[in-house]
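Next up: the structures, one after another.
In the two complexes that follow, chain A is the common piece, with chain B as its partner first and chain C second.
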Partner chain A sequence: MKIKEISERYRAVISIYAFLIIFVLIFSIFFPVFRTPLNISNILIQITPLALVAIGQTIVLIGGGIDLTVGVVISLTTVITANAMGLPFVGILVGLILVFVISGSIGFINGFLCNETNIPPIIITLAMASIIKGLNLLYRNEPGGQVPKILNKIIYFKMGIIPISILIVLLFYGIFAYFMSRSKLGQYIYAVGNDEKYSRMAGINIKKVRLSTYIICALMAGVTGIVLSSRVGSGSPLIGDNYLLDSITAVIVGGTGFSGGSGFILGTLGGATLVALMSNALNISNVSPFYQYIVKGSLLLIAMILNSIRKK
Partner chain B sequence: MKKILIGFLVIVVAVSIVLIGAGCNGQAAETTTASQEKFTIGYDIYYEGNVWSLQMVEEFKYHLQQEYSDMVKEVFYTSSGYDVTKQLNNFDDLVAKGCDIIFIQPLDPTALVDKIKEATDAGIYVIVFAIGMEGEDFTAYVNCDEVQMGQVKGEWMVEQLNEKGQVVPMNGIAGTQTCIDIANGWNSVFEKYPDIEVLPEVFTDWDYAKTKIEMTNVLQAYPDLSGVVSYDDPGAIAEAFMEANHAWMPITWEDENRAMRIWKENKDKGLKAIVQTKPAWISYDALKVGMAVLKGEPYEKMNIIPATVITEDEIDKYYKPDLPDQVYCLTTLPNDVLEELVGKVAQ
Partner chain C sequence: MNSIYNKTEIKRNNTKGVFVKIFSSYGIYIVIFLLVLISGIVSPKTVDPKNLIEILKNTSVIGIICIGQTLLILTRGIDLSVGAQVVFINILVAGISLGDPKKTFITILIVLAVGAIIGLFNGVIAVKLKIEPLLGSLGVMTLLQGISFLYTKGFAKGSTPPFIRAMGIGRFFNFLPISVVIWIFLAIVFSLLLSRTIFGRYVYAIGSNPKAAGIAGIKVDRTRLLIYAVSGVLTAIAGLIWSGFLGTPTLTGGQYLPLDSVAAVIIGGTTFAGGKGRIIGSMIGAVIIVYLSNFLTIIGLGIEWKIIAQGLIILLLVFIYVGRKSYK
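Entry: the complex of A and B
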């Protein structure tokens, strides 16, 4: 592939990383605290949960859907982790199995309902999110439980200023970037998101593909919940709420379209990094907290407009 | 069309930049020149969703500027928006900024325990206030006993109802520690009285509109309702009664000016109420403790301040007829500051 073709094809991804570099340079020059080892380490930790959950959301959006349950699945996972992992000896293993079985099942139900009904995914997952939130609060109506400290020590162990958590993020991005670009299922997801009718005519099992996107998304929300609960040390029925909007922002900012069929996993990493960086940088530069919401909303709006211009 | 979109984009970017600039300038006003006796102060604002929280933040800012500006090198405010993860991130950011002291209201009783220990081990003072947490690795703690607050509300209600009747608990945000503690308090009282029927707890997110709707629904759904225990927007509860033209009943509520006005106007028409609340000036109490720490003065580590009670006889003492409805009456702020604050909220 020629450089021109590459730059044309990956324009959205290149743009986001170029913007990131400029952003980091500006803040590093004007706010020396921003480039201190302690703050860099903080940023790498702060990126982790959002970057992980955004992988799943990217895949669902590329496949033409949307998943509004990611926030509540994260919360549910932290609650399960905090309760089950407290068991002696087998706790961590039992907790991990439970997390993946339950989050995978939620993804399956989301995908199944999207396949078998004519209801738009946004409505199905909105309803599911409400149900799961209610179950969360019934199961544990307050923050609590205990996540083994060993998990925190492993996931957030720092090699110099680099926490292991960011290596986990990079590993997942490597796997899913390869999966989406090289595997048959990855290509089918793009095809289904782009045009269902032609995908069906081409012999793609659309239901299977759609189901897989929701299961992957829920499993990634589960992974995020484990990483998050190990940081917090307990489970909370509300902790994941804000990751819904943030994950969608990260994906859209990363260049994935809202209408399916386009987008790149690595773009999402840039989007998630920018969203997390923005919050840190605004804190560091002492911008009033109220303006942070405006900046985040503007970021999403700009990304949507750029996406729409690109499509035209 | 493309040109219009690009034009719109430019405007959005420009507005964002101006707003960020405005934000920076706004903070700079609270910054003073550094000296050896000056300190960098951090405050993570846990929630800005209602006037009470905003008034609490204003109590802190106002007294910091009025009484301690000579000790301030720089002040950093972060906002968690009731998000535990954001609060952890904000705490890390305040540490990275080199704060000498951090004021915080922990949104999770355990999440910050290790971080606060790390910070205090590194020589940073941490003042925990207004919300409870586990452990004692903070420098000082300032709060009311929220379980006890709930108990007092419950006991007053039982007494008003002569130990018999149907009570609805109106609470804030489900799953949050402060609401759980309050509910544990009144439930521990109600469970001793078998003739008190407690209806399912109603959560209104401390939101005026939601409270009014939920209260209206409860009044319609339970014709035998005899009392309301609340840790909620009191004015909205009162207005729901008035709009439904419903007979008054015993209500426990907060010190919001609207509720005080309605109470004053209706106390002879059957409205029995009591205010029993955590005052918004709790942040000022926390500030005083924090500044004593920085000055090297003696201070108490555990500061349990009594919840303020206002009875029917004391309405005139606290009600502020010259101020807007939204103001909370237990305040140390001057009227002009309160008017400006509520004006901002109204806008």
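Entry: the complex of A and C
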């Protein structure tokens, strides 16, 4: 009975990981390159930024919102890191503080507007993304700047075949999975996403809860930007654009619904891994890169079809 | 308990200022008036008739797309694949006809059919499979980008036949662009369809309450599918004009169309909740967006300023339309 209950509740999460295992098995059998240590550690590094930004998107979606600014916040933070961290000695610290202050305030503005106005979150964050992108392009129109080499070394540091960046990812996932399932605020986020009116009647400060989801999401986009710029070594005003759709795909593939109140952080890890694995597998199997678009689009559509069937 | 909330809500609406009332029904006209006024003062070149015609010409593609987008948003749908569709149509036009004038007619037929199919595909995803249309059409957008790349293998071939070229760059009496005439004709037709026909009433009914519309005997799913197909055809027409503008197939461009068209529709007063909005508002919204970028270019400010201004205008106008949230 107990096992049945658990499998019932976590069906989405279990199915994504089962699918992942089958996928990995098939590819390791048919493509020997896929299972080489070098490729495995490459995959683990490739997963990192998407997995990090998808955490925030999951939390906002569970809370009943959506954040379309993640892509531009990632770009903005790579640009900030690459410019501010150039200062001698204090550079890294100043860079980190700037990134967190700026991305945190963007999250605050998003959440504040969602709280105080009747404008749908999707329009608010769409307009905010437009504004931030414009400001970012004004500030820096092309890739440039320099991120301290030490950060690059940290990101690429490996223990055996395990890069340290994947440990950072696992740490974040551990913290947020615990936060969403055990903490009061985490439970409130589910409640508000499920039914705003009843949550308010139950005495939950829904404004504070919603605000916190957007701030967490923006901060995670900031962390992603730092990791990404450390990997690339410089900042770019357009580097984050792809992560918007990918992050939503990862979250939906991971079993989080679009209407709020349901979803699991750990499902998203599976979703992000699948998206990254797909790209890697396509590269390795020598398929025309143009198929990447088709695979990604189909992945998103299939995941949503499965989600809507599950709901029925 | 509920009735108390309703009473306070009504009271709040009654105490709305006159200014807000006027602005929320005529806001879009005030904005375009101010925009023309300011641009005329800052740089008289902007309001030169030649430039105004140029602006209208550049609006025709997004304007035609906005007609379909308005119908969709009115019925709680949306299509973000329009940019990828326009690019794909342009490639198809060149690929099928290879610039041969004899194949013009068949090319146009095929392209319109493809538009209808893409629209229906989006429709089935949103209506039958009940997937959030925003995400569903993003998935379709990615698919279409992939198909465009595969069709051309990265290098687009062919060119636009003369007749379709004329749809983009041709002018009546050397003055009025053909594309603008097509756009305004379609806008008038669909405005009349919405305001004067049963179809229009169905659209508003479905948008304001799909369930009630279904109970009242309207075939909700079928009407919504039809709207998706019509919107696909409109996008295909926009694609033909786009192809006429460019003359050659390109795999890039069009990336601003989805957001610009949605922005135009929502600043034009169509609400995301459905059931409220008019074609004319969206058309003026489209003009505002193109006008803005034209004006900023003339005074030497780049695309960055355009997207900042666009974001601010969306936030401001939509805020005026829908107002503050009340937690009473």
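FYI, the second predicted complex is superposed on the first by the 311 of 312 C-alpha atoms of A that agree within 3 Å, B and C clash if a C-alpha of one lies under 4 Å from a C-alpha of the other, contacts with A are read in each partner's own complex, and residues count from 1 in each chain.
Quick note on the criterion: a contact is a pair of C-beta atoms (placed from the backbone, for glycine too) under 8 Å apart; a residue touches a chain by one contact, two chains touch by 3 or more.
As the structure is a computational prediction, the values presented were derived from the model and not from experiment.
Asker: Clash or fit: chain B and chain C on chain A?
Answerer: Once both complexes are aligned on chain A, chain B and chain C clash.
Asker: Does the superposition put A:I150 against chain B (first), chain C (second), both, or neither?
Answerer: neither
Asker: Quick one: is A:I294 in contact with chain B, with chain C, with both, or with neither? Answer first, second, both or neither.
Answerer: Once the two structures are laid over each other on A, A:I294 reaches both partners.
Asker: Just chain B (first), just chain C (second), both, or neither: which does A:I252 touch?
Answerer: A:I252 contacts chain C only, not chain B.
Asker: A:L137 contacts which: chain B (first), chain C (second), both, neither?
Answerer: A:L137 contacts both chain B and chain C.
Asker: Scan A:T117 for contacts with chain B and chain C and give back first, second, both or neither.
Answerer: second
Asker: Scan A:V232 for contacts with chain B and chain C and give back first, second, both or neither.
Answerer: Touch status of A:V232: first partner only.
Asker: After lining up the shared chain so the two structures overlap, which partner does A:M304 touch, if you call chain B first and chain C second: first, second, both or neither?
Answerer: In the superposition, A:M304 contacts chain C only.
Asker: One more residue to check, A:P49. First (chain B), second (chain C), both or neither?
Answerer: In the superposition, A:P49 contacts chain B only.
Asker: Regarding the shared-chain residue A:L93, is it in contact with chain B (first), chain C (second), both, or neither?
Answerer: A:L93: touches no partner chain.
Asker: Overlap of the chain B and chain C footprints on chain A, residue-wise?
Answerer: 137, 141, 288, 290-292, 294-295, 298, 301, 305, 308
Asker: Which of the residues in chain A end up touching chain B in this complex?
Answerer: Residues in contact with chain B: 33, 36, 38-39, 42, 45-46, 49, 137, 140-144, 152, 228, 231-234, 236-239, 241-242, 279-280, 282-292, 294-295, 298, 301-302, 305-306, 308-309, 312.
Asker: Could you please specify the touching residues of chain C with respect to chain A in the complex?
Answerer: Within the complex, chain C contacts chain A at residues 125, 129-132, 134-136, 138-147, 149-150, 153-154, 259, 262-263, 266, 272-273, 302-312, 314-315, 318-319, 322-325, 327.
Asker: State the interface residues of chain A toward chain C in the complex, per the touch definition above.
Answerer: It is residues 113, 115-120, 122-124, 126-131, 133-135, 137-138, 141, 200, 207, 245, 248, 252, 258, 288, 290-298, 300-301, 304-305, 308 of chain A that touch chain C.
Asker: Okay, in this complex, where on chain B does chain A touch?
Answerer: Checking each residue of chain B against chain A gives 1-2, 5-6, 8-9, 12-13, 15-16, 19-20, 22-24, 26-28, 45, 48, 74, 76-79, 81-86, 88-90, 92-98, 108-111, 113-114, 173-177, 180.
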